[in-house]
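Note that the chains are named A, B and C in the order they appear, and that numbering of residues resets to 1 at the start of each chain.
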Amino acid sequence: MAEKTKILVQLDTDALPSVFDRIVAIDAGAEQVLSYGGVTPQNVAPLVHGCIFTRGPQDLHRTAIFIGGSDVQAGEALLSEVRKHLLPQYGLSVSILLDPNGANTTAAAAVRVAARHLDLSRARSLVLGGTGPVGQRVVRLLARAGGHVRVGSRQLERAEAVCQRIRAQVPGAGVEAVSVASAADAPAALDGRQLVIAAGAPGVVLLPKKIRDKANALKLLIDLNGVPPAGIEGVELHDKGTIRDGIVCYGALGVGSTKMKIHKTAVAKLFESHTAVFDIEEIYQLALHLD
Amino acid sequence: MAEKTKILVQLDTDALPSVFDRIVAIDAGAEQVLSYGGVTPQNVAPLVHGCIFTRGPQDLHRTAIFIGGSDVQAGEALLSEVRKHLLPQYGLSVSILLDPNGANTTAAAAVRVAARHLDLSRARSLVLGGTGPVGQRVVRLLARAGGHVRVGSRQLERAEAVCQRIRAQVPGAGVEAVSVASAADAPAALDGRQLVIAAGAPGVVLLPKKIRDKANALKLLIDLNGVPPAGIEGVELHDKGTIRDGIVCYGALGVGSTKMKIHKTAVAKLFESHTAVFDIEEIYQLALHLD
Amino acid sequence: MAEKTKILVQLDTDALPSVFDRIVAIDAGAEQVLSYGGVTPQNVAPLVHGCIFTRGPQDLHRTAIFIGGSDVQAGEALLSEVRKHLLPQYGLSVSILLDPNGANTTAAAAVRVAARHLDLSRARSLVLGGTGPVGQRVVRLLARAGGHVRVGSRQLERAEAVCQRIRAQVPGAGVEAVSVASAADAPAALDGRQLVIAAGAPGVVLLPKKIRDKANALKLLIDLNGVPPAGIEGVELHDKGTIRDGIVCYGALGVGSTKMKIHKTAVAKLFESHTAVFDIEEIYQLALHLD
């Protein structure tokens, strides 16, 4: 008998489920995408039951769940609830990919790109917007790789909270909170850094050009802001390994092709087992095996 | 020219249309499932018109309607409204399958399983939870088969109302209302019964073990409750013809494979004509021809 | 590498996206239809971004947008907003088809049918219900073809507003507003007309038989009202070139097969480029090349 149709159940916390995620899923090989908007921890149980009670354990790798939506925290809460309704003890589970607002694939792509240019086990990095959903993930991956990471935020206490959380997740993590509230803070935050990744809110210049010109150790700049102006002044949207003033630069679109490759690979991987959960660290592992 | 795509239009009365029904539809051969949630008699007319006005009568067997949702009565009301908007006099109709909350396929499966063990034209049965949506359907099928059926309910007058309705639908039906409000009622309700089917609300033990031990005629126990504890104490979820104390037992999962087979067969049958309506009795006829 | 899946993103302004449009899209060759209901100018931006940011410019002709819904003005507003979010300067756009309530394909079909019987560059026409969404489109196409068009409405000033708008869109348009508020107006409105197209609200008889019997020039009657009674008394739903009292007649269903052919052709055309916009005039151009 032919293999069962590959079905991806898209659970989106926004009212209208993401077109982006649906099209990428189709292009990654999902044969049917069942899209749901407005999904919450309160209404998700029957959707999960529909996934696990329709096919035998031997076929459940042909059904999978994608969790998305523009609100990253809502996506995380949904993942946690979805897992409660799986019954792995009876073989009744499906694989899950978490990528709300593209946060996981974007963070993994940024760090993957950085790893092509620097030895991350020794790199000294600064993550601007380090307390946002993408920034926190970037910090975690960089810390896990072994280097030293400064977490920049306009509110020092928020950066410190992130550092504390990362230390709990990554034993021995070399993380340090730095304030980037004003231009006066920048030189100290940048001092000795080889890598800066900007993952802040759109429309905010986090690193003006005249300040970074004084940072002698800088080798690599990655700006994840898709809407001009760039968070790192002087980096362009399409930069993809572009050398500017001797520094390698990547803009959001330059990282985009790596992000897309990671996203599609992760969707395809969902259909190889019925027990995998792809959150930031698992996604980064996939990214490491690309190219 | 190639045959038209097999399209199933899923009309669900719940806000989020059932994942279960979508996946089963795909596995049963529907090539595209068009899923709608929050469907009511008030908003369904254009959906039905979209079904019948898009393809010529010679192709309308490639479009079909599935009516589902967790509220069985809402599904029945929707079926009734949908039929009003078909135009069979012009050849403009599509086939319809009604299975809200799986009530029809579950009831048909339970009775189909019973028919493998007992001659239903002579069997003496008791249906616990006999006034609920699944229970009423089980009673109707058993009565139609010709045996004698006791309809158990904690409220005798509700059981009597069901009996009256069944007698109107099935001329000469041998049905009898019995109270099962307290443990004291059980011996009389069970007396002489060969078959007990429990179709009550989840989490309620309808038949404690110490009571049924005294029922000498008992040959077959079928429990349709998918969430432990079982409605019939001592029957296990996975029981599938399991002999316990000399009695053949089926739990909800044991009936499940028959239910799934019936559900898929019914979906596949939708695409063989453009005029069929599959409600409980038509579904049971399909079930009789399985295996 | 195989070509990408043909994806049509259906943006519908009604709460439940049209079944009609989905089925026609599938039959026209769209391999996946991503359906959205309740789409407004306020929530559409991320849906458009999902279309243009998922595939490279060389593959964007395999993604397209369909704008529908029962409210024609809402559809027009949505088209205008959707276009703002395309980025054609970067090659990032997809083709769009506008057909809310079938207004564009219906109007194009009516005029296409008329062109088979009359030389529209010289025809003298009357459009009843000429200020409604379908009527206005019919007037525009007839005026563009070069003939003389009377725009009938029960409110003369509304007809005059339509004429003014058409003159702005079609330089040198031969259009004239006429009142059809009462039976007394009819002879003057009909005088010398060879073609009458009725595009009014359902259930309203716009042209009683006893009045049109006196119109000697009449050669062709097209009634677009799908629900009896016909807007032009004496024309039947299924009329398709039927001769009645020496006049060629078409009813709504008689025009329907041409409308369906136009609709499917337009959907298929979407996947031939990533920059086309099919509104009424482009759709009529397609219609002219059919048969």
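Criterion: a residue touches a chain if its C-beta (ideal position, glycine included) is under 8 Å from a C-beta of that chain, and two chains touch if they have at least 3 such contacts.
This one's a predicted model, so the numbers in the text were calculated from it and none came from an experiment.
Asker: Please categorise the chain-chain contact pattern as a line, ring, star, complete graph or other.
Answerer: It is complete, because no pair of chains fails to touch.
Asker: Since subunit A and subunit C are copies that touch, is their contact same (over half of the numbers shared) or different (under half)?
Answerer: Under half shared, hence different.
Asker: Can you work out the whole-Å distance between the CA centroids of subunit A and subunit C?
Answerer: Roughly 46 Å separates the two chain centres.
Asker: Do you know which subunit C residues sit against two or more other chains?
Answerer: Residues: none.
Asker: Which positions of subunit B touch subunit C when the two form their complex?
Answerer: Residue positions touching the partner: 4-5, 7, 9, 32, 34, 36, 38-39, 43, 46-51, 53-55, 63.
Asker: Tell me, which parts of subunit A touch subunit C in their complex?
Answerer: Of all residues in subunit A, those touching subunit C are 15-16, 18-24, 26-27, 33, 35, 70, 260.
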